[in-house]
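Naming follows writing order (A, B, C and D), and every chain is counted from residue 1.
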Amino acid sequence: MKHWMGFPMFPEQASSVAGRVDALYFFLVAVSGVFAILIFGVITVFIVKYRRRPGKMAVASGHGHMWLELVWSVVPLALTMVMFFWGAKLFFTIYTAPPGAMDVFVVGKQWMWKFQHPEGQREINELHIPVGRPIKLTMISEDVIHDLFVPAFRVKNDVLPGRYTTMWFQATRKGDYRLFCAQYCGTEHSLMTGWVHVMDPPDYQNWLGGGAEAGPMHVIGGKLFDQLGCATCHKNDNTGRGPTLVGLFGSKVTLKSGQVMQADEDYIRDCITKPNARLLPNYEPIMPTFKGIISEEGLLQLIAYIKSLTPPQAAKTGSETK
Amino acid sequence: MLRHQFEDASQQRESAVLGMWVFLATEIMFFGGLFAAYTAYRYQYGAGFAAASHHLNMLLGAANTAVLLTSSLTMALAVHAAQVGKKPAHIAGLLVLTMLLGCAFLGIKAVEYHDKFVHHLVPGASFVWEGTLTRQAEMFYYLYFAMTGLHAIHMLAGVGVVLVVAILAARGRYTPQYHNPLEITGLYWHFVDIIWVFLFPLLYLIA
Amino acid sequence: MSNHILPIKTYVAVFIALMVLLAATVAINRVSLGELNIVAALSIAVVKTFLVVLFFMHVRYSHRLIWIFVGVGFYWLTILLALSMTDFLSRTWPPLGR
Amino acid sequence: MTTSEPTMPPVHYLNCDYSIRSWLLTQDHKRIALLFLVSITVFFLLGSTYAGMIRTELLTPNGNVVSHQNYNKLFTMHGLIMIFFFLIPSIPTVLGNFLIPMMIGARDLAFPRLNLASWYVYTLGGIFTITAAVAGGVDTGWTFYTPYSSIYSHTNVTTMAVGVFITGFSSIFTGLNFIVTIHKMRAPGLTWFRLPLFVWAIYATSIIMVLGTPVIAITLAMVGLERVFHIGIFDPALGGDPLLFQHLFWFYSHPAVYIMILPSMGVVSELIACFSRNRIFGYKIVAFSSVAIAVVGFLVWGHHMFVSGQSAYAGLIFSFLSFLVAIPSAIKVFNWTATLYKGSISYDAPMLYALGFIGLFTIGGVTGLFLATLGMDVHVHDTYFVVAHFHYIMVGGAIMGYMGGLHFWWPKITGRLYPEQWARLAALVIFLGFNLTFFPQFILGYLGMPRRYHTYPAEFQVLNVMSSAGASILGVGYMLPLFYLLWSLRRGPIAGPNPWGAKGLEWLTPSPPPTENFEQTPVVTEEAYAYRPEENASG
């Protein structure tokens, strides 16, 4: 935390966007400051200079002045447009994860954060990540709306029940940084906090090495897939009663209704929890819903498994999860 | 009849009419919340909405539309009768007719509600849906009951107000010079009619 | 905002038009036009609304101020619908910035 | 200011009838204004008590004064009461009710019975709210976000929602009444561009009340249904979308901010004009900007949802529109400043409040730009930065305007002057206390302290202690007027019809005014703020 005259003023800059957010902040502070000082200054001068004195009447006309009013409408408008474009551009960056980002899966519940790494490690209220690598969080809530917020990274996003939201960041400095729940979520909202531990990549590899006896996420997901009997219909060679899931992730799917959808995490989640809303041509609506049967973490594992099912010829492009 | 705050009768009449129109703008937004919900879910759950809509009785819906439009005519004629100075019994008669048509509408609505209740199409624990897309169908029925229910509450209020106005009309209160309560009641009645004109295609006619 | 009196035959004519439009709504619904069904149904509803508002509610003969408030009501409804739909419509669009 | 010793009129609206019945069944807009004044003051004191407890708790990071649940109830009740039962009704129902008919030369509002009904409806909603508070309070935050409010909270959400729902109709009735009154009841010669700017501001506010409030009403009704019957449209478990709730909620609740601030802007226009003896610079632009704020204010609600999971495309649109609403506000500030130019400025207490308003509103306004800027908002959203921003608008803006207006028209309302020196002192104490309370919260927010936190990391303590210290000063500042205004009711010097030498029809009639306001309906022949008629003749 940076201090000024003993007061903390700024959180640490520990992500690739932190400096850019701060730069925008300084710009906004500067513009605001100039305007505020200008107005306060002018008011002070006026109220002193034109204070009421006996025998002295005011002389100005109060009917307005076209030019003046035009100037002080157009100048602020122009400045706000600069703010808009600058802010929007930065928002694109903060909003869109770069390709090849490392996945971490997040489940929020009252009142804790559960993190899952593709390699299988799970942690609660602590998140270990390597420095210098883009990390993409895929997040969902088990109950109410939460919000994952890391001030040092200048990023936050709501975590919704029923639908995935994502956010990404790239830590630039080793260290331990606070993470908060920023969306009010009930009694112990203020205890739904934790730490992000940013580590050197080798340390991170070591950390990954210790633990995860159940294996990587997609392996756990594969076991779940077998346990739930998914494989009886979804066969790898497309001979089952349900469509094959090999190569599904990331492809475009044409539904019975003619709608074309991108098979992303949300799509797969919806197919599992409300299968009848995503009917395919040539397949009967026979899949039961698994809503309430699989936990949010289990769903993420299944998705990791389905993501790992790449057709042989596409294997060279590989997925980051391996 | 002129209240102390007004200068003359025309100021009073214009204020009453403007006041009613402002109130109707409020009413539009009151229903607007539900229309917004409907639009959002119709977009997302088109298939489920279509399937659920088929279980509504389109003939009853159309009949109800006809009943309401007719009641609007009788209401407009009642206002007209007051404007041209018809006998109190004439005005009151048209208002009673309007009221009876309103009751007919509510009666048909009650039959429909009863039918949905019997077929377990009321959202909640007892909702039973034969077929896929249960959640979407339930959402449709939630909106169906919320929108038509809110509309029915407005109809009930309207019937009550028309009854009062009819009694006053029968006592000869309304003249070509003064019939503000009758006029603004008419505006309200037509407005409730218009809401139904939109509810009918939105709920009953999803292809 | 004059107290304009319409002849009874205007009311009857409007009523007949409304009934014809109702029949048209039901008839068009029998034909499958895909997306156009809803467009047609709502267009007819809008026409009906115009008839009721202009004649039954006397707005055609009312002061400009009444016109404004009628417009304001429907305009605000449009704001609510249109701007909230910007979210629902564009959620599935590809991510920004790429 | 007046040459001969002023005297009280023998019969006025206060002493014409002393019975309880004459108050509870009154249709006099001035008496109804006083009924509202008493009611909202009660709620203000209640809301302030909650605020005091919040700031006490936040003195230490560990949350050792009240439990988690109780803290959550404190900030929820503080927000709900202050917003729905104090800020939204404050200026419209008290000063608006009292002044609008007098400013336009009318004997009363267009619908006096509806006006009285508005107070009863408000009181009924208030009873529900107090019931909810006594029964244990509500812990959802004033925003009622689903699915927390509709499913998970175990507090009195339904009772509270009913209270807010009912009170909404009070707003609608009042707004409707003002719109019709301003359109139809103006005195002869009083054209739109001769109206005081306060009337314009109240008109714009009424538009928002009439068109926004029904949406929150129906939305809260649906939350109540979802909570009671477990059927609904916001719960994802039922196939609903919690973001739909947020859209509907903010469709009203963002414009609601303008319900709070626009009337204050109107008051400030009156004060600046009177105490600098000048016509408001660019009168027409200031008048239109009120209406512009009311209209454009309805197009920007999505900026509360930039990180909510709302589509980024919608975020872009809402961000752009949000910047547009900043322009009319900025223009108002510039025009007020320019009004001072070559004026004849006196430093009476209402003027001090008005100047304080401009300063604090400016800071609140420019920090609003931070929140409208997409990339910036991601970091400061839901932090104390937001808390500081909206308190600068709602307390620094709305309440400063309300206090200024209350002092300015106090002589008109009661017929007596308040003690000027005490009033200046109070204005100064409030200004200083306010800044000490809320300025540190901007820094806290940028540091990343989330709002609605009962416990917080120790490194945030210094700034929190400063803020709490400021709150105690602010509390003293608000207590002072309560005492000296009550004192002035019996002991204050007799004011006379126009103690400020102000322009405007309300100053032509005795203080306190007679029940019918004017003996004869006034005829208006000049523009508003004709402090120097010789110039207006040439202008």
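Here is the rule we use: a residue touches a chain if its C-beta (ideal position, glycine included) is under 8 Å from a C-beta of that chain, and two chains touch if they have at least 3 such contacts.
Remember, it's a predicted structure, so these values are computed and weren't measured experimentally.
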Chain nearest the overall C-alpha centroid of the shown protein atoms: D
Greatest separation from chain B - chain, by CA centre: A
Pair exhibiting more inter-chain C-beta contacts, C-D or B-D: B-D
Distance between chain centroids, defined by C-alpha means - chain B, chain D (Å): 35
Distance between chain centroids, defined by C-alpha means - chain A, chain B (Å): 45
Gap in Å, rounded to a whole number, between the CA centres of chain C and chain A: 41
Residues of chain D whose C-beta touches two or more other chains: 183, 211, 215, 239, 243-244, 247-248, 312, 316
Multi-partner residues of chain B (each touching 2 or more other chains): 14, 18, 22, 25, 29, 32-33, 36, 40, 44-45, 135-136
Contacts with two or more other chains, residues of chain A listed in rising order: 91, 93, 95, 274
Residues of chain B defined as touching chain D within the complex: 3-7, 11, 14-15, 18-19, 22-23, 25-27, 29-34, 36-37, 40-41, 44-45, 123-125, 135-136, 138-139, 142-143, 146, 150
Residue numbers on chain C that touch chain B, as the complex places them: 1, 3, 5-6, 8, 11-12, 14-15, 18-19, 22, 25-26, 29, 32-34, 37-38, 41-42, 44-45, 48-49, 52-53, 55-57, 62-63, 65-66, 69-70, 72-74, 76-77, 80-81, 84-85, 88-89
Chain A residues touching chain B - in the complex, by the definition given at the top: 257, 274, 276-277, 279, 285
Touch list for chain D against partner chain A, complex: 63, 68-69, 72, 139-141, 143, 145, 147-148, 151-153, 236-237, 239, 242-243, 276-285, 306-309, 312, 315-316, 319-320, 323-324, 326-327, 330-331, 333-335, 337-347, 355, 358-359, 362-363, 366-367, 369-370, 372-379, 381-383, 443, 446-448, 450-457, 459-460, 462-463, 529, 531-532, 535, 539
Of all residues in chain D, those that touch chain C in their complex: 183, 207, 211, 215, 243-244, 247-248, 251, 298-299, 301-302, 305, 310-314, 316-318
